[in-house]
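Read the structure below first, then the notes.
Chains: A, B, C and D, in written order; residue numbering restarts at 1 for each.
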Amino acid sequence: MQLKKDYLTVRKRTEDICAPLKTEDYVVQPVVDVSPPKWHMGHTTWFFETFILIPNAKGYTEFDPQYNFVFNSYYESVGARVIRTDRGNLSRPAVEDIIRYRRHVDEAMQTFLETPPTPELEALITLGLNHEEQHQELLYTDIKYILGHNPLFPAYDPAKTSPVTTKTAGSWLEMKAGTYEIGFPGNGFCFDNELGRHKVYLGDYSISDTLVTNAEYLDFIQAGGYRDFRHWHAEGWDWVKKNEVTMPMYWYNINGQWMHYNWQGLQPLLPDAPLCHISFYEAAAFAAWKGMRLPTEFEWEAAAPQLSWGQRWEWTESAYLPYPGFTKAPGAIGEYNGKFMVNQMVLRGGSEVTPPHHSRITYRNFFHPSLRWQFTGIRLAK
Amino acid sequence: MQLKKDYLTVRKRTEDICAPLKTEDYVVQPVVDVSPPKWHMGHTTWFFETFILIPNAKGYTEFDPQYNFVFNSYYESVGARVIRTDRGNLSRPAVEDIIRYRRHVDEAMQTFLETPPTPELEALITLGLNHEEQHQELLYTDIKYILGHNPLFPAYDPAKTSPVTTKTAGSWLEMKAGTYEIGFPGNGFCFDNELGRHKVYLGDYSISDTLVTNAEYLDFIQAGGYRDFRHWHAEGWDWVKKNEVTMPMYWYNINGQWMHYNWQGLQPLLPDAPLCHISFYEAAAFAAWKGMRLPTEFEWEAAAPQLSWGQRWEWTESAYLPYPGFTKAPGAIGEYNGKFMVNQMVLRGGSEVTPPHHSRITYRNFFHPSLRWQFTGIRLAK
Amino acid sequence: MQLKKDYLTVRKRTEDICAPLKTEDYVVQPVVDVSPPKWHMGHTTWFFETFILIPNAKGYTEFDPQYNFVFNSYYESVGARVIRTDRGNLSRPAVEDIIRYRRHVDEAMQTFLETPPTPELEALITLGLNHEEQHQELLYTDIKYILGHNPLFPAYDPAKTSPVTTKTAGSWLEMKAGTYEIGFPGNGFCFDNELGRHKVYLGDYSISDTLVTNAEYLDFIQAGGYRDFRHWHAEGWDWVKKNEVTMPMYWYNINGQWMHYNWQGLQPLLPDAPLCHISFYEAAAFAAWKGMRLPTEFEWEAAAPQLSWGQRWEWTESAYLPYPGFTKAPGAIGEYNGKFMVNQMVLRGGSEVTPPHHSRITYRNFFHPSLRWQFTGIRLAK
Amino acid sequence: MQLKKDYLTVRKRTEDICAPLKTEDYVVQPVVDVSPPKWHMGHTTWFFETFILIPNAKGYTEFDPQYNFVFNSYYESVGARVIRTDRGNLSRPAVEDIIRYRRHVDEAMQTFLETPPTPELEALITLGLNHEEQHQELLYTDIKYILGHNPLFPAYDPAKTSPVTTKTAGSWLEMKAGTYEIGFPGNGFCFDNELGRHKVYLGDYSISDTLVTNAEYLDFIQAGGYRDFRHWHAEGWDWVKKNEVTMPMYWYNINGQWMHYNWQGLQPLLPDAPLCHISFYEAAAFAAWKGMRLPTEFEWEAAAPQLSWGQRWEWTESAYLPYPGFTKAPGAIGEYNGKFMVNQMVLRGGSEVTPPHHSRITYRNFFHPSLRWQFTGIRLAK
């Protein structure tokens, strides 16, 4: 059965991502946005236990009733939870306990899937797998943060390269004014925030066919971009000054040479690679300095079939808001997306750490404008 | 000359608003968003001195060179400034000094306006007058905050009533799907954020012809609306819990009777009056509890000619973002609006403390979603 | 009657101190340790109303029952109180209301004092007068802070000079080892923290007959004293770095010239005047840099009869702790001193703003080690 | 050689303490005062590498030059250091790396000790061993904190009991007034803060021969001791309210039964055991409620030869200040104690986790008055 096969594939991929880690790397939480890898491993498992097995699998024995408290992330509907800033204080459950927890749930899920589930349950399991894929991307970003902020700069995997290449000469796609259809059109899986396909009127616009490169962004730095308030939102300028930001996350200027931290440790910066790890504020300031702007998420989606993409999550000029007719599902699943629809910006595309086939043209990623630990980049519009 | 007449009218109105105050009321800043009334009086004057008189009026003598430091609000282009949280620490300049400053600038402006200014300068003076009108509204909201958060609950003016009335039975305006023109169409004055008139496609929608009343909001409170996370954005729910919010600002339940602070002091709450002083989070939670939503700013503008309005600033579901083709003016004036276009929500309409003829159908007000000291209310859509 | 005469003298002196202020100066609270002058005027009055008139004066009519809430400082026993950080948010009661409050209480006290009070009440009134004298010193220090941190640097009184002079050549008093009697010996008024006269054994020590001058402290600055952690307590070094401290409070180096703010506004620094407005951390670091130390409060008291003193509050090396046999009075008066006996350092002496005859050899002043807005200085020991 | 034997004994004991831990337990830092166990293991090793081997052992090869940055605790003299709040963010060096670091240094130290060191070096090595013993006590207290604040309440060692017993009936030791000698008298090892043996005059006093028990403290709780401000220092009362403190650390009232976390996990509270894990504020409030007080450190030391002690670190009424004639050693070693002599209270005695023979009658322990994670208790005086 395809669902069972998908289940096993996705679950295994989580463990593959963690394979290069030392036990200690699973535990720490250097900032509130980063979760310990062992927490991701437990939380994705908790989803299947809580929403599939406990209510539906006859005779299922809960692994440990206290795990609901430890691994609930933000679902207010499902009991108390460890606050996010406390996750890095928990040395237990140990990694080996969580591995046993995964085995326990995986075995029960395999048994459960021997009988074809109802369409509602199939949809919920599919949501659980997409949810785990989202945490796979977070595993990569959080592991990079944990290792890349350690003064020893350990490599994640000395053999792993960033598979990105980029066209070095930009070209512009000219888009005609008109009414476009936006939102998920099909029958397969999508998140609730993509639903409500609807018309959006767009004027004429141009959108770049390439992403901004490290070299282009270095020009901005060297032109004093971080010291001139005129390019910045007021809130962005406060952010620059308060945090003394002068370059993207993971960049270092060591004795005049530009370096960045990557999977192999500290490496010389590649000028032609697409820029990565910048905040919305930096993206908007760079665009303003170029006399251009970021595309809206609607402009992006309308042009996407003609663009090459998938290397970076691209900041758009759109705030994360509900589409017309957006409704929340009842119960805990309804908490998935809608409650975050304020004070976040939409990102479109995907990145080198997005699981294969996870993203799509209508996919809406979203983060607070100050965050940089995701694989974020810039596409210009005008 | 009309401009000179307008100048004198606007400038006098600022002083009329402050007339009921005691000297002490001009000085305090109870929270960072509220500025001391004497600061508003100085800052609006500083605008004309800095942008009109010093660069254009021959022989003009600056009143006091240190005032640029004290009364600059946020213009990074025009030198250093007192940070916002420090304004309430400044006992000097005294109110009488600021009155003299106003006289000095007003006399110079009257002399200056004896000769018709260039169109550019006329536009800048008109901007200065609209800017002062915005601060007149802030004077009212800040004075209400200062007096309404004093344990003695002093009246602002025992004779001043809130002139609001409301239709008690709501009716719904049905709007047809189609492409609407949004943004300032005309020739007169508008702010830069209204420019870039453009087409927006809207689906069918219904919008209420009345504002939510105090009685309707009491139903929400009494139904446990502040205790049920399901109605709230995640960020809104954190705000409710952290601040222990259980009712709108200025409401009090004293021995079982609902009261609110108003111009005349503590008064019994009027059930049929339009709800006031709520955050975006509360507006969105109330709408969710009703199974409805807030209108977008585009839906609002398209329907506005058929709505009665002007009693409250109405929270919309739209984030404050640039219109297509938005450009900032060069220099300090360019800092007026664009740099705030992140993490704020749009409000439309106007309120009992908006100066006459100041607002218009295309006017875009904006505040952070947590703020409540403005005269904010709710109009529902579905 | 002497008590009535003393009452009128002390009460008048409070108003004399405030006479040079503008109304606005009475209102602000720039930092939590500074109280608005109008608060001091009300609080000292509240003491007599609450502890003398209401419980003892037949037929006395409370001026305003809400004033107990506004003017209670820290007495937990006497109902709720405005938290210290909120005092500067209160524009009302207005200064003129507080003046009326003072008149009301003063008249009632004069009537009350026409009959000789019981010894207990006489002691309590004497405590109230000493309490008001303490607030007179705070009025001076708080007014200096309010005006001295205003960017216009207004003078308090252009005719008021600091009456300090100093011997420029230091001499050392040699003290012999032995057992000394410490604590208040006599019959007159003292605070509870001076009681419990007891023996203290002291070894041989030397104590300076002069205070450290501005010129001597400049040597410390110019020798890099603020940049060398070795002179500092760990906590002091954190304080220096966090607050970027490089000189005493009210000092400025303007284009290479050393200035300080004083009663007459910004003035050139006097090299021979005794150093003022330094924290315990700075005092201890200076002493360490000199290879010396601060005296203990016991060494100070034993030597005091042979010292000239009274120009500065002198930081000692003693923490503020109870004397043997210390007991708290029952009720609110018992909250006077004992509850502060942790994490504060003792200061001895007096200053140019201490009321005449207020301090004495056994007087124990105390402040947190980081505070500098009092008139604090340094006497060395070895 | 005795020193070599002592070296091996002390070093082994550190590893024995950590033996029951899982790898994950070595990594976390739940609050700033607690350090990760692996940090303690590295830091104690770094002491010997930095102060003994690198400057004195010919041919010694530094294990990893970056470890100086990672494992320096607070010595400003010895280069940059990881700030204390960041220690729990470091997943590397891994535990196995730190074990290799210990082996590397231990082997070099053994070789080095084959030749008898100079008296200066012997003193420094002895200081290093006493330093490691202090960290052994911290290892116990930090491990207890890490496990005892985990929602799973894992046992440290199911076989380990608290070896404490207590006399249940208190008796009082009467001490006569007179001059006593205080401070380290002998020739062996002591810390610099014990030096400067000097005379202190003490009046008559009584000191309890037993420590306060859990049952006695329960009486205080049940009498409302945490709700009556009159027993508390002002700072202590703020601490109680801000942190909502209602019982000692590690105590829980579960469905009416009093439990505490101990080495074996959650256990019923033993009424006759000596009270543990209370702050100075709680100790002082309990004493005030009893109408008694805490002893000074001098009273404690004078009575100590006649007391049974060693079960708890006993809060005294003395602030941590230098003894007469205290001087700091030059260089990094001089940072050991003196720089902490402000805003801390002295504790005397020792505890169940103090290494054997580590403490002595003149030993001065010290902590901030709010801290409770040490094994602190109460002895009364009057």
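The working rule: a contact is a pair of C-beta atoms (placed from the backbone, for glycine too) under 8 Å apart; a residue touches a chain by one contact, two chains touch by 3 or more.
Remember, it's a predicted structure, so these values are computed and weren't measured experimentally.
**Student:** Touching both subunit A and subunit D, which chains are there?
**Tutor:** Intersection of subunit A and subunit D contact lists gives nothing.
**Student:** Have a look at B-C, A-B or A-D and name the one that copies the C-D interface, over half of its contact pairs being the same.
**Tutor:** Same contacts by residue number as C-D, out of B-C, A-B or A-D: A-B.
**Student:** Express in whole angstrom the distance between the two chain centres, defined as the mean CA positions of subunit A and subunit B.
**Tutor:** Here subunit A and subunit B have centroids separated by 37 Å.
**Student:** Let me have the rounded angstrom distance from the C-alpha centre of subunit B over to the C-alpha centre of subunit C, please.
**Tutor:** That gives a centre separation of 44 Å.
**Student:** At what distance in angstrom does the C-alpha mean of subunit D lie from that of subunit B?
**Tutor:** Averaging C-alpha atoms per chain gives centres 57 Å apart.
**Student:** Among the residues of subunit B, which are close enough to touch at least two other chains?
**Tutor:** Residues of subunit B never touch two or more of the other chains.
**Student:** I'd like to see which chains touch which, written out pair by pair.
**Tutor:** Every touching chain pair, ordered by label, is A-B, A-D, B-C, C-D.
**Student:** Which of the residues in subunit A come into contact with subunit B in the complex?
**Tutor:** Residue list for subunit A touching subunit B: 74, 76-77, 179, 198-201, 203, 205, 229-230, 232-237, 280-281, 284, 293, 317-319, 321-322, 324-325, 334, 339-343, 345, 369.
**Student:** Which bits of subunit D are touching subunit A when the two form their complex?
**Tutor:** 22-30, 38, 66, 69-70, 82, 86, 88-95, 146-147, 149-152, 154
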